[in-house]
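Shared between the two complexes below is subunit A, which has subunit B as its partner in the first and subunit C in the second.
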Partner chain A sequence: MSGMSKIVKTISSITFPFVTIYGLYVIAHGHLTPGGGFQGGAVVASGCAMILVAYGSVWTMGKIKEKHLSVLESFGAIGFIGLAFLGLIFGTMFFKNFLVGNDFLFGEIGKGLSNISTAGALPLMNFAVGLKVIAGLFGIVLVMAYTTKAKGGKIE
Partner chain B sequence: MVAEMLVNIVHIIIPILIVIASAFAVVFKDLIAAAIAVAAMSLLLSLEFYILHAPDVAIAEAGIGACLTTAILVIAIRATRREEEA
Partner chain C sequence: MNLETIITHSPALIVAVPLLGAFLTPLVGKINDKLRNVFVILTVGLTTFFVFLLANDIFSSGNIRTYVFGGGTPITDGGFAIRILFEVDGLNAFMAIIASILALACVIYSWAFMKENTGLDKYYTLILLMVAGMFGMILTGDMFNFFVFLEITSISSCVLIAFWTNKGKAVDAGFKYIVISATGALFILFAIAILYSQYNALNMAFLANSIQYTFLDKIALVLLIAGLAMKAGIVPMHMWLPDAYGRAPSSVTLILVGATQVSLYGVLRMTFTLYGSQLTIPLKQIGDTSITMNGLLGITLIALALITILVGVLMALKQTDFKRLIAFAAVGEIGYIVLAIGAGLTAMGTSYGNMAFRGGIFHIINDALDVGLLFLVAGAIYYATKQTSLNQMGGLSRNMKYTTVFFLIGLLAVAGMPPMNGFASKLLIYQSTYQVNPIIAIVAILCSILLLAVFVKVFHSAFLGPKLPKFKDVKDVPKSMLLAMGIIACFIIFFGLFPEFVVNNLVKPAADAIINNTNYITTVIGGAVP
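Moving on, here comes the complex of A and B:
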């Protein structure tokens, strides 16, 4: 799969930012609206898979390697479990929402920097899960496309 | 009143379409066509989830079922043969 026609490439390049921004919106508003880290990550991974189909696996593998995607996925897992253990350290128990209620960052409504996001550690956990899902799903599709391309030379 | 009646009609129509798409996915000998039928079934299923007031499940179903599963199936079919044997 060495890329499709110029029409497909152009339309994919135009629609890719919209898909990505919608997925990031679903991730960032995961504590307020339907959806969350997994759903938004699936939307972003769908957009990345669209770019993969349009431009071909060799071009995409030249842009980003699966090792880097594996590192990103591990960072997502470490961030999620690290936030859970920070609840154990700063609060009382595992998965304790230790950021809620303070007036420094991510706390209650109406206190300076707390207005950025008002659910404590939940948006950070959503970002971690979203990073893990994006890297994992896109890594699966990318590796599958690249290996089937490399194995059979006679397949298109 | 009219809106409720329309929602009831859609509740009847969409499961029938889901069953038809699933039957096509089983019947087709062309594997690409079967994969597209699975994608259509998944998209209709996400619409049904949205009507049943589960929007987050609908988003997950549309992202995973209709896009990524279809991509993986098409990539796997491309590495093998397109027609099903016998």
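Moving on, here comes the complex of A and C:
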């Protein structure tokens, strides 16, 4: 897949940070507002897909490899399961919310920003799921775009 | 950390360890291929250890263990059953043993069998995901959780069936499988939605306690049985099974056999635990005879089972592809299990009804081991000769001694010959179905003899005869494959020599869990059951 016109590239570059910030906001506030790790991750991944469409898959593949994305995805999944195991080690049960009721996670900042640290380990789990979804979805889109390139016959 | 703590937490660990291992596998695979194989075998070995620890505890004490994720009691203060719950009784422990034996044999077999393939990081990740999904389906006590693990199992097994993408038909088989299993899963989801809308709960024990047997509940029961029967490959819905079993790598087929048995476990759990107390209520009175739900359901299942056995065995007779032939035989074997369940349903409460349940449950483990062993032998022959068609084989017993012995063990076991385990369970099934109706038992015995004929034909055409010149350089398969086949063969011979021990210690607790669901409910609800 080759890139698109200069207008599309410029507009995509301008909107990309906004899309990403919004997605990260949804992930970070997953325990307070509608949405969460999966939804926010999908927003960020669609922002990445926008860049992919605008600049073309060959250019994007030059910047980031699908191998690295799959490693990131594994880390996201391990983070989620690992937090569940930490519940078994520090708490009493598997998936026990061992951080709830203390300010260990966000400290003073958490109190200031509309009591963000009210859910214990849940924000961390949301981060892990978000990382997995960003890497996974973007990896799928990237590979699909890259392999359809050969069909048209020309590589740009 | 003492043993009691490990047993308490093992229901969660049995699912969590393969899941963690699945996501660590790609990272370990970056370091070294051998290290990754060792890591996967250790992961499955650890899971097997937990399974046997838990099963030993359940079978020796007779207790039911529950595990609430995140802590707390299963039912909250206001009477809401909202927590995710794992509940392990005799039947769960029994199925977990089957799944763990198959999973362990699969990963050991894969070491040599899959060595020449690329993309093995993904292969092992999917295998571990599938194992985790299977254990989740077995151990869970929550309807929606059951659905989630069912989907995990079907998606990962779809990709594994189509793993040999360079052989175009594998992709076709994978597509067929995902269509069938997605349809089946939607049936199950619909049934769960019906139950949830009426009782506001997803907990199996809570639902079983409060079920009213309304018209909607009957629809949900039919949907559940139909959906799970699709996954199990009972005859009108069996067309995916020969393709999927035949085209997948043999190691994958072994786990697919396990996944099919787990679907049958789903049928048992849904029918007998969820609707258990309401099954014998009369539906309609015609003259002197009253039609009860268990009679109606039982006769339907018996009819389906007889068709399944006939179609499976007769189709197996005319196959020339080795793995496809075994796949049709596997369809027939599943028919025997369903036959026993149906016979048990019709004769619920009588002594031979209980015997039918015991025979059916015993046959679940025997079928998994026998058919699994035959698939591993087929894989070994493919590995050594690169042939799948029976017409191209011959005289292999001269080069592949151990494989021949293993095939002979599998042949005798699957046909129900006396020294092997298949005989013990089939005898229980014949005895009990004869009490229901002699014709059923006669058809079952005849089909079993036909099955023997099928496999004797295979044995003759593949292993006996003169040494073929093109197989001059064929050697027996590597040690890891022989070890995997040996593990399963040991279990087959052990079960065959001591059926009394197995029936009393493993099968009876599982059958009791089916016949009486009171303990399952009281463990969660507490107090008296109406």
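The criterion applied here is as follows: the second predicted complex is superposed on the first by the 136 of 156 C-alpha atoms of A that agree within 3 Å, B and C clash if a C-alpha of one lies under 4 Å from a C-alpha of the other, contacts with A are read in each partner's own complex, and residues count from 1 in each chain.
Basically, a residue touches a chain if its C-beta (ideal position, glycine included) is under 8 Å from a C-beta of that chain, and two chains touch if they have at least 3 such contacts.
Please read these numbers as outputs of a predicted model, since none were measured by experiment.
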item: Touched partner set for A:93, first subunit B, second subunit C, both or neither; value: second
item: Residue contacts on subunit A - larger count, subunit B or subunit C; value: B
item: Partner chain(s) touched by A:137 [first = subunit B, second = subunit C, both, neither]; value: first
item: Partner chain in contact with A:36 - subunit B first, subunit C second, else both or neither; value: first
item: Subunit B versus subunit C as contact partner of A:24, first or second or both or neither; value: neither
item: Subunit B versus subunit C as contact partner of A:145, first or second or both or neither; value: first
item: Subunit B versus subunit C as contact partner of A:77, first or second or both or neither; value: second
item: Subunit B versus subunit C as contact partner of A:46, first or second or both or neither; value: first
item: First (subunit B), second (subunit C), both or neither touched by A:58; value: neither
item: Residue ranges of subunit C in contact with subunit A within the complex; value: 9, 12-13, 16, 19-20, 22-24, 26-27, 30, 67-71
item: Of subunit A, residues touching subunit C in the complex; value: 70-71, 74, 77-78, 81-82, 84-85, 87-88, 91-97
item: Partner subunit A, residues of subunit B touching it in the complex; value: 55-56, 59-60, 63-64, 67-68, 71-72, 75-76, 78-79
item: For the subunit A and subunit B complex, residues of the former touching the latter; value: 1, 26, 34-36, 38-39, 42-43, 45-46, 49-50, 52-53, 137, 140-141, 144-145, 148, 151-152, 155-156
